[in-house]
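Each of the next two complexes has chain A plus one more chain, namely chain B in the first and chain C in the second.
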Partner chain A sequence: MQTPLATAIVFVYTLSGITVLGLLALFALKLRNLSAEKQARMCEEKYRDYFVYLQAYGEEEERLKVPYGEVTQKEKQLIQKKLFELMERFTGVHRQKLIQLCEDMGLVAHDLERLRSGWKWTRVDAAYNLGVMRSGQAAPDLLVLLQKSGVNDPSLFIFARAIAKCARDAEDLRQMAEYVVRMKKNVHQLIVDMISDSQLDTTSFYTEWIRDKNPELVKIGLIGFAVHAQLELEPGLSRLALSADKEVRIKAVKLMCRDIRYLNDQTIKDFLNHKDWEIRALIVKAIGAMQLADYVPALKKAVGDANWWVRHHSARSLTQLQAKGFSALCDILREEGSNPKSEMAQQIIQEELEKAERSLGGEPSTEKLLDYNEKLHLYRKSCKKTISTVQAMEG
Partner chain B sequence: MREFLLYYGMFAIYYVMAINSLYFIIMLFSFKSIMGILKSSIYSRFQALSGSEHVPPISILVPAYNEELTIIENVRSLLALNYPRYEVIVVNDGSKDDTLQVLIQEFSLTISKHLPVQPLLHTSQVRGIYHNPDFPNLYLIDKENGGKADSLNAGINLSHYPLIASIDADSLLEKDALIRIAKVYMENPEETVAIGGDIRIANGCKIENGVVKEIRLPDKFLPMMQSVEYLKAFLGGRIGWSAINGLIIVSGAFGVFRKDYVVKVGGYREGYPGEDMNIIIKLHKYMLENKLPYRVAFCPDAVCWTQAPDSLKILGSQRRRWGRGNLKNMIEYGKHMVLRPKYKLFGMLTLPFNILFETLNPYFRITGLLALIGYTLLDMTNSHVLLIYGLLNVLYGVLLGIGSLLLEEIAFRRYPRFQDIVKMLFYTILMFFGYRQIGVIWRFLGHIEYLRNNNSWGTMTRTSWQSKSNKNISSLEA
Partner chain C sequence: MSNLVPAFYELLSKMEERSVACGVILAACKNVSAESLELVKRDMEAQLKDGLTLHAAYDKNKQILGILLEQKKLADTHFYALQIRDYMLSRKLLTGGMYIASFPESSRSTAQMLMRMIQEMKEQSEPGSISVYEQHGNQRQQEQASILLVNPDETVNEFLRIYLQRKGYQITVAHDGGDGVEKLRQAAFDLVITDLNLPVLNGYQLMEKIRHLGQEAMSKIMVLTDKKLEEDVQKSFALGASDYMTKPFSPVELEARVKRLIS
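Our next item is the complex of A and B:
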C-alpha cells in the first residue's frame, strides 16, 4: 500500500509548489496592473494640456506639434492610446493630421519594426496600431502575416481588419478577402464590414467583384453593392439570379427586388414560381412594397404557398395593395375551407382590422375612419358575417 | 474490514487526483486560448460594430414566471443594448403575481390576438400577444403555465430573426454583451450553433436603471461563495471546454443559438429542469449524427449579471434541481452516446467525464471520505491517509481557484481593487470547509428527488434591483 500513498504524497508536494508559484504570479500580475493604471493616470495628468491642444487645433492648417520635452517609450505608448481614441472619434482632416502626428512621433516606424518581432502577440499589437494609423507602408507585411494565420487563429481577423484600414488599392483588399474566405466559410458580412473601414472608394470594386469568377468574391460584391444606393443598373444581376450557388441567387434577387427596373413581368413570374422559398418570399414582399396591384391574383395564390414565410409575406403584401388587396384576402376566406391558406388570411385580416381600429383612438382623421369602414365592409361582405359577429369584434 | 476501507479510501484519493487533474488540463486549454480572446476582444471595435448593418439580427427571449420585482428593470436594460437590430420577446408563463400587468402598464402594451405566429414548436395555449408600436422591438406573450422550456419554445414561434438569445428574467446584460457574442458568431457563422455568455454574480454591485454601474463583490457569505464558484466554472472550465468543442452546457441565464438548428432538434425539452444542458446535448447529437461541421462556443467577455440565492434554503433548492437535471440528461443521453466513436470527443470524453466526475461525484466523495474516517477510527496510527485525502482536495481546489483568478486578471479585470483578489482567494480556500461538502449532499438529494419523481422547481427568491425587499415565490412550476 506504500507505493500508491507515496505517489499521492508526491502529488501533494507538487501541488503545493505549483500553488505557491500561481499565487506569486497572481499577486505580481495584480500589482503590475495596478502600477500600469497609476502610470496611465499620471501620464494623462502630465499631458492634459497637450491633449486639449490636439483637439482644439485639429482643424487648423499647420501641422500638429509633437509633445514638448523628452517623452519616454512608456509615455509614448500611453499618448498613442489617447491619439487612437481621438482618431476613432474624428474623421477627415482632423484624423489625417493625427495620423501625421503619429508618424512625426515615430509611432508608425516603431510599430513597423514591431511587426517583424519574434513574438506573435507583439506582431498582433503592432498590426492593430498600424491599422488605426492607416499606414499604407504596412500593407505588404500585414498581408504576409495574414497568410501565415491559421483557420482557428483569432489574429486572422485582427490582421484582416488592419489590412482593410491600410489598403493602398483594391488589390490589397482583394487579396485579404480571398484569403479570409479560403480560411472561413460564410464570413462575407464581416468582410464587408471590415472593408467599410477602408479609406478607398469601395463602390467601384464591389461592382467589379460582382462580375468576378470567384463565387466568394461575388457574394462579397453583392453584399457590398447592397450597402450603396445604385443609380445605374447592374446587368450582371439577372445572370446571377440563375446561378447554381443558392446564396448567390438569393443575394442577387434581393438586390433586384429593391429596384423596379429589374423586375419585368416575366422576371416576376419566374421568381413567383421559383424553387427557392427565399426567392418567392422576396418577390411577394417586393410586390407589396412597390405597390404592384396587377399582381393581386398572383399574391392571392401565393398565400397558399407551402412555405410559411411566403404565405405570411404574400398576405401582408395584399394588405399593402389597398382595397383590392384586402378584398382578395377576404375572398380567400370565402373560397377556401379550413387550411393553412385561409388561416393565414384570417390572421392577417384580423390583425389589420385591429390595427385600423387602434388607429381610431382619440380624434381619428376622416381618412382613417374611411379606411377602417371600408375594410370592415369588405370583411363583412366577403365572409358573410352576421352583424352581431362584426359588432362583437368591433367592441 | 480495515483492509477494505483502506482500499476504498485509496480509490477515493486517486479519484480526486484524476478528477482534479482533468480539470487542471481543461484549465490549461483555457490558458492557451486566453491571449487570443483578450486580443480579439480589445482590438474589436464593438462601438462601430454595434452600428453596423452587417451584424445579424437577434430575437431575445425572456421567460418570466412571477418576476414582477425584476422584470421592468430587466426589459429596460434589454431595450437599451448596443445592438443594431434585435427584438425582445418576454414570455409570461402564467404568472400568479402581477408580471403581466406591470409590463402592460409600464410599456403601454395592447393585445394583438391575431399576430401571426409560426407554428414551429408545440407549446401551451397562448392567451395573447401584446405590443406597442412605440416600442417596436418589444413583444409580450401571455400564455398558460408550461415551464421555462415551454416559454422559450413559445418565444421561438413568435421570433422573427435567425438567431435567438435566451435570458433569465432576473439577469442583466452588459450593454455590449450581445454585440460581443455576435462578433464570435460572425467570425464563424457556418459552424457556430450556440454561444454561451459569462455569468457573474450581481449581488453587491451598484445597479441603476437596469445597468451595473459599479462592480463590487457580494457582502454576504453565500453569494460570495457563488461568485468564486462561477468564476472557476466559467473562466477555468468553459473556456477550456469550448477550445476543444466539448462544451456540454450553455447557461440558461444567457446564451445565443441558431434558431434553425434549435427547431430541427425539436426545441427545448419541456417538463424537466436542465433544459439548458439538454438543448446543447441535442445540438451535439444532431450535428454529429448528420456529420455537419459545428462548434459550441463560449464568449467570456459577454457578461450577464445575475442574482445569486443568498439563503441556504433557496441555494439548496437550486442545486438539487441542477442535480436532478444533470442526472436526467445523463441517463437519457448517456446510454446512447457514451463511448460511441460516432459521437467523437463529445461521446468519448465530455459525456464520460460528466458522468464520472459530475453526476457520480457525490457518491465517490462521500463514501471515500466515510471509508477513510472509518479506517482512521479503526487504526489511529494511519490518520495521515485521511490528511492526505483532505490536503489533495483543498490544494487542488485552491490551485484551480488561483488559475481562474489569474485568467480573470490577465483578460478581464472586472474587480479592480487589490483587496478583491485577496477576498476571492480567502473564499476559494474557505469553500473547502463546509460549502463544498454541503453542495455534494444537495446534489445527492437531487438524485433522490429524481428517483422519487419529484419534478417541481422548488422555491426561488427574487429581489428587486432597486430595493432590498425580498419576496418568496415559486419559480417556473411546470
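Our next item is the complex of A and C:
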C-alpha cells in the first residue's frame, strides 16, 4: 500500500519534472528566437547593398532585378518583409516597381498557393501578404474565403482589406462591401477606410453606389463621397435628403451643406424647418461657414430652437456673419427674457468677446482692434437697453 | 594617361555615335595577367548570365580593372556591379572600392567621364564599397541644397536618404526632436522634413524651437506624417510649416514638393 509520504514524493517528482520540461521548452524558444534574430541580421547584412539598389532605382524604366545567387526560403521571407515595409510606406511608381519585383521573385505565386492551405492561419497570413502585394490574381480566391468567414470570425476584416487592396474592378469592391455589411453592423466608415487602400479610382463608383438600390451601399457611397472633393453636382443627393432612412437623410444633407450650389433659398428654408434636429444643425452651421448674411433673421430665430446643438450652431454662425450677425445676437439679449435662447446668446457673446480680447495680445492689428471695439460697443449697447428696460419695469 | 582610355575608346565612341547606353565599372584590383583577365571575364559573363556583353581591360600602373557593359543603364550597371564585387571578393581580387557610371545618363562625353572616373578612383578606398559617379561631383557638393530629416522611422529615413541623395541633395538624419534641434544648432538647413510623432520633442515643439532659433534665413519646414486630421494640418501651418504630406506617400511627389520649396 502506498503511504502518504510516497504519494507526496511522487507528486514532488512529477512537479519537478513538469517544471524542468517547461524550462527546457522556454530555453528552446529563446534559442530559436536568438537564431532567427541572428539569421535576420546576417540576411540584412548580405542584402544591404541590394536593398540600396532597390531604393535608389525605384523610378527607372527597367524592372528591378531579383536578388542574384541562391536565395533560401528563409532569406526570401526576410527580403519579403523588407519589401513589405517599403510598399506600405510608399505609393506611386515605387510601390508598383516593388509589386513587380514580388511577382518576379515568385512571392505572389507562393502566397497564392498558401491561400489554398488546409490551415486557417496560413490562409489568413497569405491573404494579408497578397493584399500588400496588390495581387489582382488573388481577388477571386479572396472573395471565396471572405464568403466563408462567419459573423464572429475576426479574419473577415483581414480578407476584406486584402480584397480592397487586390480589387481588379468596382465589382470586387462591391461584393466585398455587400458581404461585410451583411455580416457586421456599423462598419460603413471602416469599409470606406478599407477601400481607400484600393489602387482603383474610387470616386466614380461611390457616385454609382449613391444611386444604388441597396441602402447599405448608399451609406458607404455617401461616406466615400464625402472623402473626395467633387467637381460635379450629384443630383441624387436632393432625393436622398428626403429618404425614409434617417442616417441616409443626414449623410446626404451633410454633403449638400458642403457645396453652395446645392443650397437654393427653398432648400435652406426646408432644412431650417426640418423635423430632424441634425439637419437643422447642419444647415445653420453651413449658413455661418458660407457667410450667407441674408439668413441672419433665420439664424436669430433658430437660436431659440428646441435642440441645444441647433441653438449652439446658430449662435456660433451669427458670430461668423460680421457685425450684422453679432448685432443680431446682442438683440436677442435685449428682446428675450431669461430663457434658453438668451442664455445661449449670452454664452456665445462672452466667448466671442474673450476670444477677440485674447487676439489683442502683443501688437494687435488695427483690424483686430476695430473688430473688438465694435463687438464690445454692440454688447454694451444691448446691455444698457436691457438694464434700462428692467429699471423701467421695476420703476 | 591610363591605358583603360585607349582600350575602351573605340567601343565607347561607337556607343556614343549610336546613342546606345553603356555601363562602366571601375574596380581597384590586384595585378592580373592578360590570360587571367580573359579567364576572369569569361567567369563573370557566365555568372552574370542574361546574355550580357562585357568588355574588360586592366590598368597595371593604377591597378584598376575596367569593365564595360553594353546597353546597360545605371540601374542595371549598379545591379551587375554587386555581382562583380562578390565574384572579385570571393577570388580575393578586390583591393579597394568600385566606381560605377553609365553613358549617357552620367555624362554626355564618354571619354571625359572615363578619365574623370579614373582620376577620382583613389578616393574610393573602402574595400567593396560601390560609389556612383556624378558629373559635377565636387562642384555640385557646394551648391547642393541641404535637408534635415527628422523621423523616428528607420525605413523612411533610409529610403529618403538614398533617394534624395541621388537627386542631388545633402541629407542629414535625426531620429528624434531633441536630436533634430541639436543638428539645427550645429548647421543651417534649407529644408527640414519632420514627422509630428517624435520622441523627446514632438513635431510641434520642434517647429516652435525652429522659430525661436532666430536664424537669419530660417529653414523651411515640411511635415511628413501619418496624422490626417484637419487640426494637425492647421496647427502645423500655424507653426510655420510650408507644406504637409501624409503617409503613405509618393516619393516622386515628395521630391517635386521639395524642389518647389527649395528653389
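In the analysis below, the second predicted complex is superposed on the first by the 352 of 395 C-alpha atoms of A that agree within 3 Å, B and C clash if a C-alpha of one lies under 4 Å from a C-alpha of the other, contacts with A are read in each partner's own complex, and residues count from 1 in each chain.
Everything that follows uses one rule, which is that a contact is a pair of C-beta atoms (placed from the backbone, for glycine too) under 8 Å apart; a residue touches a chain by one contact, two chains touch by 3 or more.
Computed from a predicted model, the values in this text were never measured in an experiment.
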Could you look at A:Glu88 and tell me whether it touches chain B, chain C, both or neither (first, second, both, neither)? both
See if chain A has more residues touched by chain B or by chain C, and give me that chain. B
Going by the contact rule set out at the top, does A:Tyr68 touch chain B (first), chain C (second), both, or neither? second
Return first, second, both or neither, reflecting whether A:Glu60 touches chain B, chain C, both chains, or no partner chain. second
Touching partner for A:Tyr50 - first (chain B), second (chain C), both, neither: second
Let me check the overlay on chain A: which residues of chain A are in contact with chain B and also with chain C? 88
Chain B to chain A touching residues, read off their complex: 6, 10, 13-14, 17, 35-37, 39-40, 43, 45, 47-49, 52-56, 110, 112-116, 118-119, 186-191, 385, 388, 391-392, 395-396, 398-399, 402-403, 405-406, 409-410, 413, 418, 421, 425
So in the complex, which bits of chain C are touching chain A? 73-76, 78-79, 82-83, 85-86, 130, 153, 155-156, 158-159, 162-163, 166, 247-253
Counting only contacts in the complex, chain A reaches chain C at residues 49-50, 52-53, 55-62, 64-65, 68-69, 85-86, 88-95
Considering the complex alone, what residue numbers of chain A touch chain B? 1, 4-5, 8-9, 11-12, 15-16, 18-19, 22-23, 25-27, 29-31, 33-34, 88, 121, 124-125, 128, 153-155, 157-158, 161, 184-187, 189-190, 192-193, 196-197, 223, 227, 308-309, 312, 315, 344, 346-348, 350-351, 354, 358
